[in-house]
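One chain, chain A, appears in both complexes that follow, with chain B as partner in the first and chain C in the second.
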Partner chain A sequence: MTAKALSQRDLATVIGLEVHVQLETDTKIFCGCSTDAAEDEEPNTRTCPVCLGLPGALPVLNEGAVEAAVKVGKALNATVAEHTRFHRKNYYYPDLPKNFQITQYDAPICAEGTLEVSVEGERRDIGIERAHLEEDPGSLQHKGGSIDTADYTLVNYNRAGTPLMEIVTKPDFRSPQETRAFLAKLEEVLEYLGIFDATRDGSLRIDANISMVPAENVGDDGAISDETLAEANRTEVKNISSHKGAEKALAYEVTRQKNAISRGRAVEQETRHWDESRGITVSMRSKEEEKDYRYFREADLPPLEVADWKEKIAIPELPDARRERFREEYGLDAESASKLTSTKEVADFYEDVAEQFDPDLAATWVADNLLGELNYRDMQITDVSHRLDEFTRLVELVAEGSITTKNAEEVVLRGMLDDGDAPDDIVDREGLGAADDDEVVTAVAEAIEENPDAVEDYHAGEGGAVNFLVGQVMQKTGGSADPGDVNQMLREKLDE
Partner chain B sequence: MSDTPVDAEEVRHVAELARVNLDEDEVEEFATQFADILDYFDALDEVPEVDAEPDLVNVMRSDEVRDCLDQSEALENASDAEDGFFKGPRVS
Partner chain C sequence: MSLNIFVTEETVAGDDDGPLAGKTVAVKDNISTEGVRTTCGSAMLEEYVPPYDATVVERLKASGATIVGKTNMDEFGMGGTTETSAFGPTKNPVDESRVPGGSSGGSAAAVAAGEADLALGTDTGGSVRNPAAFCGVVGIKPTYGLVSRYGLVAYANSLEQVGPIGSTVEDAAALLDVISGADERDATTRFDQSAEMDAHPAEGSDYAAAADGDVDGLTVGVITDLLEGADDRVVETFEAAVSDLRAQGADVVDVSLESLEHAVQAYYVIAMSEASSNLARYDGVRYGLSTGKEGNWNDVYADTREEGFGAEVKRRILLGTYALSAGYHDKYYKKAQDARAWIKQDFDEAFAEADVLATPTMPVLPPELGESLSDPLQLYLMDANTVPVNLANLPAISVPAGEADGLPVGLQLIGPKFGEETMIRAASAVEN
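Moving on, here comes the complex of A and B:
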């Protein structure tokens, strides 16, 4: 960056991301230890000679991790390399028991993809530079102080060897909001692929490269030349762990860099640490340069040739395509289609219900009622996965007219969520079975008989009178009659 | 002799990457030893080429869980442990 002070609005933001995602396999990437971390598990209970780095132990690649990587490549429209291999990245830190991390260097399994995101109605393609496989390190606890002042370090290798995919984007983001939209979309796609669990602690970790360039050097299509990029000093922000965190950390960094430049100071090229609790980035002592990692071939792992897996391994319909199909096939509006495809589980459930009943009725019940009530209770569809057949039964009760919509929503659905009861039990207990016709006919006759004034008003042309009579009938039937039907029956009777 | 002799600066850098403290005498000693070791590698240039065996590709295992070590086994070689963790010095 030139020393010339540029005013803040003459600057454009450029961001690229490195996203680490944990792949949901049953076992670690190079050994048969389980990846299933119980919440309160003891440290160092899921380890073996391979992931502890004991002398002579040899890694063997997990086929499941490679399949997951190919699925990611396919979903990102990336190429899957004809020939790919592993390297050792050497650094001395106790989260790696071997003093090197097995990763990929010059031949990543996936390269040159894209992911389309939409920010404030504007669609943008974000380029994917590469996506490679590597092993997760173990986890450290700094005891007796912060990382700088701790008395000692405790190390747990349960996480060590969990398969990771590092997805590196091109410097295609022009705002922090775009990174958030991208990360949310990426999570959605990975969940659809069934290879990612966002609820798992540490399942998503992000590093971001960010710099400011003169706005005049940005093309109308957002393109920025390599020369412009090379001239700008960038910072790498580490320790971001969510899409919200990415937006916040990068918004902070945009302000910090713009302030520095507008005051005529250069942005220092450095690594910065996002401090989530304080909401700021802080300078980190410079770590090794790339050549210091002394990458070399991992001779214990033969190369991979899996380009043809891209044809063999199927991936499910992805969220964008499914949204589009829901609109066409079921005639849903954009908002419902979007809600109903927010996760694969919701979409699968909706389709299951829509096939059995009316798609519109199914959309109302799944998108508005079920998701609405779940959201109100801070619950997810995954919290009720094992009870989806009960919700199907509830929709059936409404569809066949056994209970009224009002009772179904206000009594049965809420009872199911709050008390965990089955719909039929609630209907029996609360006596909600829709009033049979005889009962309603009797109630209509009684209401007319008991309210001659209202009848007179009706004949005098007062529209409100019939509503009063409907209310009387509803009271008599305990709310189990359909108000529309009652209205019609009353009019017929009164007009006789 | 190797093309580029190893100087003291390079030894200090490598030692720092490996988190090893060396005093000045050791730096001198290792600089000489590094140069000797690199010379040994030159000997490989003299080895005649032989037919290589065909490379293996796609060696993988299925994604099936196998028995792990239990905690006490995992910590058996640790010089220090606490509450089931490996214990080591501060690492900033």
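Moving on, here comes the complex of A and C:
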């Protein structure tokens, strides 16, 4: 093919991802150091001879990391290897304590999986080529500039040895939007598995390979031959750290590559760095020659038999399945089911509430009221999951008619979140107990007596008049009456 | 005149009592000692003071032994004469004009010279047995996985073990009793994965007690392939010792292991490949020589390594890097692994015919100082009899077989995997 012959619309986008995910384990992958990264942690304190790569120190495999990897394999419908086996990847870099990384090479723990994504209602399976375990390097802090202009660079080994899983997809993405959907879905699945914490800095790092191929070489099902792929020059985009970032960086690359080709220039085969703040990718180094990592077996780690782990290790119900079940079991609409399964914690919370009350009422309260108020306060469900009892009490108060929906939402729920008070205390303090009938009857009579003009308007057929009277009654009852009931009582009284 | 046995002389007292109470032990300078510098015989680590003890050092201390110092060695274990040390060569106490062997030359010399009752060496391709033979003492290379390597600064990690040195088989065996055993910090000492073994082999073993000199009925297989290239004086001494074992009731048979002709090549490819990776960390950033130079980190690494490593270490790193490189990996590294598998298989077959196998430990008598250093290939060939044992992960012992021209000759006995007790029993009969 000649680059010149193709205009922008004759080009199709091909993307494959390498996703590095930090696994949430108690200790590092090859030593007993904690993986808990405190915000204000002193550099180089969460280290030991092993993760510092001191002479003579030896790695010992943390089986918890292997367990997490097996869970990922199950969730991605992948083949799980019968035993683990590690290799050394040799290269020099200042964040790498031993100047080699212990990783997996010819026998990854997981291979050949899929993850379904949906973009604008269209569902597609993205193939997972492999997913393997490795150790995270330390982190570099460039002082006085960026990576190429800094005066000096500091190394922090606290992160060194954090278990990483590298998930490599097939070149199955046909748009940046799909990569974003995939990454969001992957995060969701990993969170459901309880092995991933998206709030941790550096928990998700993405490299993307992207190239343009002639659209005519793409089959109806999106299939592209190896030959077509081999002919296209691709760039590897590094330094992407979120699903939004992936979409932006790759959208930029699509435009850049298409522009180049439509102007008759070839796309350089190279590594590019995503500069988030400037919203562009910049060339890092030309990738003319493949790096030679001189892989060979890590003799310090004997293979670990995990043939029966796939059977033994259970994984929780995954988001897609749970969404489907919520729709069937609780009769929820698609939107509520989706909201209520957005994280495992929300879904668990909902099911606890739905068990005790009408699932619809529970859905309204969890999906709309609670999540809405939490979102407004920049809080997470995990911030309140220990207050499940209080929350169910609030729904109970509404369900039994002890307080009005309006008060429950506007006073009690907000008070619970803002002041941390228990619902009954707020109800007592604010005098929100639902007005009893006598009180409302009295208030209705008073409102009619005190507002002859409105009564006259009502009889003259002005619809607004009754609303004014409802407002008067609500005021008298301190908002504790049910506006619908009041409306009905007023009409009955006025029509007598 | 000083024999230059120690890199650092420092006394570290052990616990008040224990099986080695009252004994002094010299420790090879590639075994980490908390608070005592551990140089590996290299300028690169001249100032490196480990913040932790190797497992074997912890066990030494707990056994009541007193550590008397860190012994000289070939740089990072790369050599068989202790002449590649950045701290100068050690002299052989038997004949000061000769090398003590290596790489654990300081450890063997310490025992031979009476500077310590016992010593720890390390053996990657013969580095305990070679100096034991040249200095006329006993040295044991345990089965891979019998002794923890945690804290042993790696040269070639799939091949090496820490091994004891003593003046008698029983002494060395008693030290093996102390240092052997599973260690949760060295995954290669853990046998919970293995179907054939429910406990670590050191459990329930008494190596010192095995040194009872009783070889009656034991079959000793002489590996004829390893006699062919050896010095006549060595072969003569060796054969006399074997005859003596026969006289004590042992059956002596000849065995041949065809694969052994590839052992030296396979050993050096594997050892150098692993070394190129194991020594990559010495870049001057956190420890190791810091040249104080500025500029691109890659250049600083190169300067540091250029200055910090000696010629033999550089040679092995370069050859190992080459052997692992794309395009050469299959030709060298993979082929060497195939040879290793073949050698293991040949040993398995040989142990169907014999309880222990015997060879001269070294095919030559101890060279003069400076004699062999200029010819690396000559040096590598000196390892022909010892490296097969490391490739096959087997245990072996070198025990004095007698003298030739007033110089010690060592007899090597090789045992089956974790067959240390049988091997020690046979070796103690050589002393009779």
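Everything that follows uses one rule, which is that the second predicted complex is superposed on the first by the 433 of 496 C-alpha atoms of A that agree within 3 Å, B and C clash if a C-alpha of one lies under 4 Å from a C-alpha of the other, contacts with A are read in each partner's own complex, and residues count from 1 in each chain.
By our rule, contacts are C-beta pairs under 8 Å (C-beta built on N, C-alpha and C of every residue); 3 or more make two chains touch, one makes a residue touch a chain.
In this text, all values refer to a predicted model and were calculated from it rather than measured experimentally.
Per the definitions stated earlier, placing chain B and chain C onto a shared chain A by superposition produces a clash between them. Contacts of A:Asp151 after superposition: chain B is touched, whereas chain C is not reached. In the superposed pair of complexes, A:Gly64 makes contact with chain B only, with no contact to chain C. Shared-chain residue A:Pro43: touches chain B; no touch with chain C.
By the touch criterion stated above, A:Gly56 is placed in contact with chain C alone, chain B being left untouched. Once the two complexes are laid over each other on the shared chain, residue contacts for A:Pro302 go to chain B and to chain C alike.
After overlaying the two complexes on the shared chain, residue contacts for A:Asn209 are found with neither chain B nor chain C.
In the superposition on chain A, A:Gln104 contacts neither chain B nor chain C. In the superposed model, A:Asp26 lies in contact with chain B only, and not with chain C.
Once chain A of one complex is fitted onto chain A of the other, the partner contacts of A:Gln141 are limited to chain B, with no touch recorded for chain C. The partner that reaches more residues of chain A, of the two candidates chain B and chain C, is B. Clashing C-alpha atoms with chain B after superposition occur in a single stretch of chain C, namely 255-263 (options considered: 255-263, 273-281, 327-335 or 363-371).
Shared contact residues of chain A, touching chain B in one structure and chain C in the other: 49, 52, 54, 60-61, 90, 92, 94, 155, 292, 294, 301-305.
Chain A makes touch with chain C in their complex at residues 49, 52-61, 88, 90, 92, 94, 97-100, 155, 290, 292, 294-297, 299-305. Those residues of chain A lying in contact with chain B across their complex are 25-27, 31-34, 42-49, 52, 54, 60-66, 90-94, 140-142, 147-157, 288, 292, 294, 301-306. Contact residues on chain C toward chain A in their complex (touch as defined above): 30-32, 38, 40, 45, 48, 50-52, 54, 149-154, 157-158, 184-188, 190, 193, 273-274, 276-277, 280-281, 283, 285-287, 297-298, 301, 321, 324-326, 329, 333. Here chain B touches chain A in the complex through residues 17-19, 55-71, 74-75, 77, 82-92, going by the rule given at the top.
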